[in-house]
Amino acid sequence: MFFGFNDEEKMLRRSVRDMFKNKNTPEHVRAFMKEQTIPPGLHKLLADQGLLGIIDLNGSQDRKGMVNAILVAQEAGRFLLTYPLLESMVGLAALKTCSKQAEVASEIESGEKVLTVAWTSVDAKARRSENGYVIDGTLREVPFAKDADVILANVRILGMGQTPNEEETLVLIDPKNPNLVIRDANSMDLTYPLYEVSLLNYPLNESAVVNRMGMGAGHQLMEQMLKIGALLLSAEIVGCAERTLYDTVEYTKQRKQFGKLIGSFQALKHMAADMYLKVESGKSAIEYAAWAVDTDNEDADLAISIAKSYTSSNGVQVCGDAIQMHGGIGYTWENDMHLFFKRARRSAAVLGDSYYHRENIAKVAIDGIEGKREVGSKKPIVVEV
Amino acid sequence: MFFGFNDEEKMLRRSVRDMFKNKNTPEHVRAFMKEQTIPPGLHKLLADQGLLGIIDLNGSQDRKGMVNAILVAQEAGRFLLTYPLLESMVGLAALKTCSKQAEVASEIESGEKVLTVAWTSVDAKARRSENGYVIDGTLREVPFAKDADVILANVRILGMGQTPNEEETLVLIDPKNPNLVIRDANSMDLTYPLYEVSLLNYPLNESAVVNRMGMGAGHQLMEQMLKIGALLLSAEIVGCAERTLYDTVEYTKQRKQFGKLIGSFQALKHMAADMYLKVESGKSAIEYAAWAVDTDNEDADLAISIAKSYTSSNGVQVCGDAIQMHGGIGYTWENDMHLFFKRARRSAAVLGDSYYHRENIAKVAIDGIEGKREVGSKKPIVVEV
Amino acid sequence: MDLSFNEKQEEYRQHAREWLINNIPEGWGTPEFEWPDDEVERGRILRDWDRKLYEGGFAGIAWPKEYGGQGLTHVEDIIFNEEAGKLNAPGGINVLGKLLLGPTLLLFGTEDQKQRFLPPLLRGDEVWCQGFSEPNAGSDLAAIQTRAELVDDKWVINGQKVWTSFAHHADWCFVLARTDQELPPHKGITFFLVPMDSEGITVRPLVQINGNRDFNEVFFDHVSIPKENVVGGVNNGWKVAMGTLGFERGTLALGRQVRFQNEFNTMVKISESLKKNGESISQNSYYRQKMAELFAEIRILRYHGLKTISQLLNEGKLGPEASLQKLFWSTMHVNMGKIGLEILGEEGPYIGKESVGRGVLQEIDFGSRGETIYAGTTQIQKNIIAERVLGMPR
Amino acid sequence: MDLSFNEKQEEYRQHAREWLINNIPEGWGTPEFEWPDDEVERGRILRDWDRKLYEGGFAGIAWPKEYGGQGLTHVEDIIFNEEAGKLNAPGGINVLGKLLLGPTLLLFGTEDQKQRFLPPLLRGDEVWCQGFSEPNAGSDLAAIQTRAELVDDKWVINGQKVWTSFAHHADWCFVLARTDQELPPHKGITFFLVPMDSEGITVRPLVQINGNRDFNEVFFDHVSIPKENVVGGVNNGWKVAMGTLGFERGTLALGRQVRFQNEFNTMVKISESLKKNGESISQNSYYRQKMAELFAEIRILRYHGLKTISQLLNEGKLGPEASLQKLFWSTMHVNMGKIGLEILGEEGPYIGKESVGRGVLQEIDFGSRGETIYAGTTQIQKNIIAERVLGMPR
């Protein structure tokens, strides 16, 4: 029984934190918000630290790298990292399940190519044409598409299954291909831009298929990616919330009003204590879920939904409270609080919002509980937890 | 435009408050909680003040007496009045719509008989027998039934309408009749006991029918009683909440901890401010609704649902916060805070809980709004309020 | 209790509504209206609107006729504000002049000041901004450090103000400055009227988290103004300012309520267009309950507003209870933003013109975060309620 | 990160579960179990259970064997508590002895004290109660006025305690009393061990708002006790007491979590039995969302509990962060009561044996109101977090 991080994990966190502190400074973030272009050298840096391919879905010794991955994602949130690290981690994990794609996977892992994921497919379908398959349709929720070299997307290949789900197939899309258009989707979170990608007669080469066409493989893998992605997003939210909490506490120790440090006002103390409770609870939730995924625990899906629903509601609230505790200065563009707030809002909304994940929880907790007490029964009943 | 009380209304409130202060003291309430018997003389007192028949559904000059009635109900909540005053006010208003029942109405109004209302009928049905009609079934949610002389109830008279609703008929039940059993329903609120009344072969004399049998008359009248009752309950909750707020504020001005009056701690100040906001908002809600009922405003039903849903959620919370602000002493039976809390809880639950009334609101605010803006339209749209 | 409007008032409402419908530029007040990017152009449009209001007889509705007002009551004022709110008509550019400076001058100004300043204010010729807050004097307004010294019959002002809305459009600014360093903080403050074209004034825009540029920093570097530009007497500025803030907290809630109602209806419309398991979100009991609760609170805000107006009409002034209204609407609006984002679900991040509802619900979420801060933070309002209304010990 | 239990621990869990199933009296822990009305009889049943626990080897699981414990770790302790929670087994009558006094003596007691007091405590021979709070020293514990004076080699105690759980069943009481009037409040306090059958002790029950009579007032009128009945040294009682309160706030949350899970399952069952428009409430999205959110928090409480145990195991002590756990579970439980009443709807008022769920949801609503007060109010826990964890200025 050890609920904590070992020295290796702590060292990873420290080194990632130091790197982001130096290489993803507020000035870098502000510059990115204007240019919307990943700063040169950032991929290489992340690759050199070995962060991109940190998740291994077939991980040995019951370790898939999720505990490490949430530590990294938390730091990404804490520093508003302007890179699709989450997509790299999740996408690479998926690519590595396919030996055919070893080359591109290694190019991505080594930082030569930038990978992103199209989280939503709006009816993107591949149909047979003269020279193989072509794809028509739209991909949504594609972070950093403009800067990506590879987009991992889930499209239906018509005829490759009995149901739409079965037809789903993971494919690699080349954003430089002339048969697609990338449009800025105008997301509130300027530190993590989302794009929409429209494909028309986009030629799908068989070599771009991950694993195999249809037969449910793509659907299943995407489901897994969405779950792991949701957990990493929870970790990002926790990072945002934790950072705003401690920055705010620090601010209350500097700022005076009415002749006193504002941190000595009980109203602000109690707000901070509530924020701390939410941050620590979010941390416990993501840490438990990461362990559950790592160890193939039957609890894993439930734990992810607990983490995502809890952090999506409460993490955002912490960032909002941070604005309030800063007073007027917190409401200005110059101050960073709103960047965390918006990043948390975006992260809370995608890959399943609170409602979605609470409904997942309800299916287990309400519809499927074991050992529910029969009202009126006197038998001792063992409640499984 | 005058949103307030005139001198007459203020005088009524003052005289009722003085009366309850002297005649419905905490000692009386505690005695009632043990005996569960209305203290002798209380009906007479209420009758002499003219409080029982204060509502007149056919009121002249657009005045049905609702503004007065909520003032009285608020005081009843404030002093935990141990009498079915709400049922008397609502029941008498209903009885007065029927000239046949003038005699019993006047006996009730003058304090000779105690009236209560059976708010829920669990399948109580009258069927023809040899000597007219007999009723079988159960009446629930009957306050003070043990002490009542008359129970006003809504029962179905089989065959007196095309639908169950149409069959509904308001009747007077004699609680002393041997063909019924009164059972204490064990309500949490010992200041306002609820009973269940089971009828078996209870003989229904035609003279006990209010207005006429079936044809929807009973249903309609009961609907109206339920609405007015819900508004008066909201007023009772506001009375409970207001009382606990000011008692609590007073307590924080007496009690010291850490060498300071606890009222000087900002955490308690802000709790009190939140309570004040809830109390004042509840007051505005019931006052507006009472005015709307009095003036036959088309808004009246909506305003009642706003008042009942708001006070049911927020009034209870104020009483709960009052316990918290009292600390340990607030958690003892000896302290009165829990009496208000439980009375507010009971009042919040019956005659439509928050969910029920919010769903009523949704039918207007969501399903039926006028002038909803068409997304994309540039026409100016007038929003009715 | 009489919450109805009389026949004459209803006629006034009809008159106001018709005038508004005929005079509001097409599309204005809808999310589809496109504001020019240029701030100067934007200012011109707003000032034109103020002038139109004046010409239509809808400026200074409850102010005396002798100062350019309409000589009507707060009831007509509120009726017009409600109607303007129903059409989501912008408030013009002279909000602070009309809402704060005007009532302040009417209460504390000299006859000369009223005659000099009120008519051009109403005509839209002179736009006002408010110079109260400073970097180190936000909630603690009495801590202001901007100084004014009398030099050769002129007041010379030095210091810095922040959160100065509309300063970049304003002709005048009403400014609090310290005129006596020896007296206790509350007692050495004076309320000044300062022309914005004075030498030594620099305006720097402050961008808000929603991207708006309504706020500014204003720097005063040896700004010299006439001796008589003082309201309420030298060293009496705290009292005057408290009156000003009272107006800010207590009034105009009815117009605001209608705007919230407008936003609510848009929210309903959006909830109808979004589906969950094949069913409109507007039919899902979770969202229905949340929206119904919100609707109830918007209505209760209206009741509070009616009470405030009634108090103004019948007692002529507002008490500290007015803090309730600010606390109520601002926290309610934050909650509204939260519910809006819940309704949007996965659509939440997108705010462009092509997004669901054109980003109007997100704007509530962002904008409301400022509302619990400006004009006295939530924490300050609760302090006021606890100490001044409930009498809890300081 | 390793949150699994090893094979040996899982065997222990199996063993504990079997023992519990075989030894818990029929119906115990179900809402249907009928406790005797008589308090003495009730006390006897609980003490019998403590004795049974001892005989079964489940008393003092993590305490050293030399003092009657089992010499195992906090892991086995928590496993047993979880299993007991799953069966909703009452905690026995010596909760305060086992939870608070035992750990306190192990940390601060003399060897003689440990040998004298721990074995009978575990055997169920000596039941303990806690004499800390006083009418004027609740949150402000340092303000206690109960005095102890050394008279002829005996401590003579005078004063009054409140909220003394189980005092009417207890053989001993651990008492804080002021032993030096001159020193600052925190420095003149001593921690005493007082036999409850001493002359001069009067116990008066305090009824709680849920009708329970677990709390008492205890009056000390010239109560004389041996000089050596002091823990941790004279005038060092504050430090000892803070250790005691740390145990109270930090531990046993896992057993509590299972009990909450149990209550939650009952809530689900009730929600299935109640209908709204012909559909079970458990299928209505509003109630589903509320319950799912609650379930998530109950699980998170488990995670917090695991962290606390891990900290105890690996670092040997708890920090001020333990306040988080108390704050979390108590406020969560209040919310649970609220949701329970929402689910009950019109059935809410009825609490009798024949009511829906036999009043178990209402009991949460009432009982939880005490939980945010005792063992350090919500406000005190937030102060501790802000000042001692986050380092905000006092």
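By letter and in written order, the chains are A, B, C and D; residue numbering begins at 1 in each of them.
The rule is short, and it goes like this: a residue touches a chain if its C-beta (ideal position, glycine included) is under 8 Å from a C-beta of that chain, and two chains touch if they have at least 3 such contacts.
The chain list, named the UniProt way, goes like this: A, B, C, D = Alkylation response protein AidB-like acyl-CoA dehydrogenase.
Since we're looking at a predicted model, the values are computed, not measured.
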item	value
Chain separated most widely from chain A, comparing mean CA positions	B
Contact-richer chain pair (by C-beta pairs counted) among B-D and A-D	A-D
Mean-CA-position distance for chain C and chain B (Å)	40
Chain C and chain D: spacing of chain centres that average the CA atoms, whole Å	52
Where chain C touches two or more other chains at once, by residue number	285-286, 288-289, 379, 382
Residues within chain A bordering two or more other chains	265-268, 270, 355
Touching residues on chain B, where the partner in the complex is chain D	120, 141, 185-189, 194, 256-259, 265, 267-268, 320, 323-324, 327-328, 330-334, 337-338, 341, 345-346, 348-350, 353-356
Complex interface listing, chain C residues touching chain B	1-5, 9, 17, 20-21, 24, 26-30, 32-33, 75, 82, 85-88, 257-258, 261-262, 264-266, 268-271, 273, 282, 285, 288-289, 291-293, 295-297, 299-300, 302-304, 306-307, 309-311, 313-314, 321, 324, 327-328, 357-358, 379, 381-383, 385-387, 389-394
Complex contacts: residues of chain B adjacent to chain C	1-6, 9, 67, 249, 252-253, 261, 263-264, 266, 268-270, 272-274, 276-277, 280-281, 284-285, 287-288, 290-291, 294-295, 302-303, 305-306, 309-310, 313, 355, 358-359, 361-362, 365-367, 369, 371-385
Residue numbers on chain D that touch chain B, as the complex places them	133, 136-140, 143, 162-163, 206-209, 211, 215, 276, 286, 334, 341-342, 344-355, 362, 365-366, 369-370, 372-374, 377-379, 382
Sites on chain C touched by chain D in the complex	284-286, 288-289
